[in-house]
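Several structures are given next for inspection.
Okay, so subunit A shows up in both of these, paired with subunit B first and subunit C after.
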Partner chain A sequence: MADEALFQFLHNEVIQYIYKSSEHGEMENGRCITKLENMGFRVGQGLIERFTKDTARFKDELDVMKFICKDFWTCVFKKQIDNLRTNHQGIYVLQDNKFRLLTQLSAGKQYLEHAPKYLAFTCGLVRGGLSNLGVKSIVTAEVSVMPACKFQVMIQKM
Partner chain B sequence: MIQHTSRLCKGYLSKKESDASDDLNSELFTLTYGALVTQLCKDYENDEEVNKQLDKMGYNIGVRLIEDFLARSSIGRCQDFRETADVIAKVAFKMYLGITPSVTNWSPAGDELSLILESNPLVDFVELPDNHSSLVYSNLLCGVLRGALEMVQMAVDVKFAQDTLRGDNVTEIRMKFIKRMEENLPAGDE
Partner chain C sequence: MADEALFQFLHNEVIQYIYKSSEHGEMENGRCITKLENMGFRVGQGLIERFTKDTARFKDELDVMKFICKDFWTCVFKKQIDNLRTNHQGIYVLQDNKFRLLTQLSAGKQYLEHAPKYLAFTCGLVRGGLSNLGVKSIVTAEVSVMPACKFQVMIQKM
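What follows is the complex of A and B.
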């Protein structure tokens, strides 16, 4: 099934919709990013709930993050995270060298200023997924050369 | 507000004998669509406006989706509207949504038909609250069909005639052929 393509079309259209009625400027951009992130959050919560129905309990935080990098990422983006780094103090950096939602946008630095729009939903997705696994976090993303990008997860002590 | 009740999931998972991750991927679309509709309901005062937005967004998706479809399916030009309807039901719907609606209720003139969907993946886990009785939840699909067909020079009118979310037994999409459109020639071809 080509539903990955369908999701990408929908994702792009959602971004267009969120931005089309807003004015330009820092404030509005921030508001739009937040809306997209919140949508991703809700979806992430629902998705992880269904996905881990029959999964065994996770040993620890690192186990959860590995699950996100391998199983969750494969399910959602048909590939694994390429590199996971951590400082063992609650900060994880997930590197995807060929992020699916950016490959259509550009291969390099063109449209770099638009990249955050295409990452917001996924940040929320990760945050929502972690949330329903009992892990509170803040997720941000950065990109310097598309389609590679890094998602930074900061675990919040509850 | 519109709820996503995973308690309703029991039947859904056993329905398809496909890979677990296949199910999950279509759920990504379903859940994202639900989040979109929820957002639209927040942004617009009434259901009619939401329906219109869904149709517009569907149209925007459709005009791009058609290229993706033609690339994947390598289907040649359809001879007539009947063939078009068959391709939509048996190839396109199957490819993108994993379902095969049946094509029925042809008008005598052969310009109008119904697509009957036994199940609609978009509405998994969805319940419509009472105050949204005019919401055509899956209206995006109408826009997608309209936009996609316009790119192959067919003007059609598409709307939902029946909707399981609103209590009907099946979901029925009614599609009417309006006219064949002129191909746009590049400027300066006089």
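What follows is the complex of A and C.
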């Protein structure tokens, strides 16, 4: 619980800090999101290196995705992804029914618009993790009812 | 280990981000340190609230400091403070012989100048924690040989 809190509080501070700088007119919303995503990317790269230090080689793309959904997610968010779906053509949808970085937000509809800034870092985290496993991707997130959310991973064929 | 890594990587990203903004001439070094310290302060405030939720009331100032050195430090840095000294007049020196946020830096003397940016957040963390326990303080840090470091807490009598 302590570790969770540490990450969560720091994550919030980072969001606030970045959005505060943007108030001074330096950045608009889109650029804030990009900054957060980039941070997540680099953290994801670092993390996956540690996490996979002693794991066996992955069989295929699906195997990699399962690792992200189980081991990676558990390490970072203390729970697994609840549902993983794929169209077997390079699109994966990871559903988390109780996404930790959203649970602190009120579930009222009026807060939905704030959800993206709480998801950007994690999108980057997934993209960075995948990238260091040799899988290039685009990761987006969407929320319909908080705190559930879906991450869509589109694999970029090389 | 995973949690440690998450915090550590994010902490590094935050430092880099803040210092990068400063390169664009927006801030000088002192202001970066202040920003990091302020972030730490708010995270420390949040953390101490969680950590002390179920603890007994503290007897006195020294009791509070012991809590910071043991429980708080262990939660955040996975080890206790190695040595706590006080002059019994409101100055406390907390020594960590292997401070986690410095262990990734090379121990060479030429890197000593970079140490302050890796300590500012933690100074704030301690100050924020103490503040929410009703103890107003000024916290500074110094490094003589990495990765050992000393945090000096000067209690501000109210």
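A few comments on the model shown:
In the analysis below, the second predicted complex is superposed on the first by the 150 of 158 C-alpha atoms of A that agree within 3 Å, B and C clash if a C-alpha of one lies under 4 Å from a C-alpha of the other, contacts with A are read in each partner's own complex, and residues count from 1 in each chain.
Simple rule for what comes next: a contact is a pair of C-beta atoms (placed from the backbone, for glycine too) under 8 Å apart; a residue touches a chain by one contact, two chains touch by 3 or more.
Predicted model only: the values in this text are computed from it and were never measured.
In the superposition on chain A, contact of A:Phe51 is made with both subunit B and subunit C. Once the two complexes are overlaid on the shared chain, A:Leu130 sits clear of subunit B and of subunit C alike. In the superposition on chain A, contact of A:Cys149 is made with neither subunit B nor subunit C. Once the two complexes are laid over each other on the shared chain, residue contacts for A:Ile81 go to neither subunit B nor subunit C. When both complexes are overlaid on chain A, the residue A:Met65 reaches neither subunit B nor subunit C. Once chain A of one complex is fitted onto chain A of the other, the partner contacts of A:Ala120 are absent, as it touches neither subunit B nor subunit C.
After overlaying the two complexes on the shared chain, residue contacts for A:Ala5 are found with subunit B and with subunit C alike. Touched by subunit B in one complex and by subunit C in the other are residues 1-3, 5-7, 9-11, 13-14, 17-18, 35, 39, 42-43, 46-47, 50-51, 75-76 of subunit A. The touching residues of subunit A, when paired with subunit B in their complex, are 1-7, 9-11, 13-14, 16-18, 35, 39-40, 42-43, 46-47, 49-51, 74-76, 121. Chain contact summary for the complex, subunit B toward subunit A: residues 4, 6, 9, 21-29, 31-36, 38-39, 53, 57, 60-61, 64-65, 68, 72, 94-98, 125.
Subunit C meets subunit A in the complex at residues 1-3, 5-7, 9-11, 13-14, 17-18, 21, 26, 35, 39, 42-43, 46-47, 50-51, 75-76.
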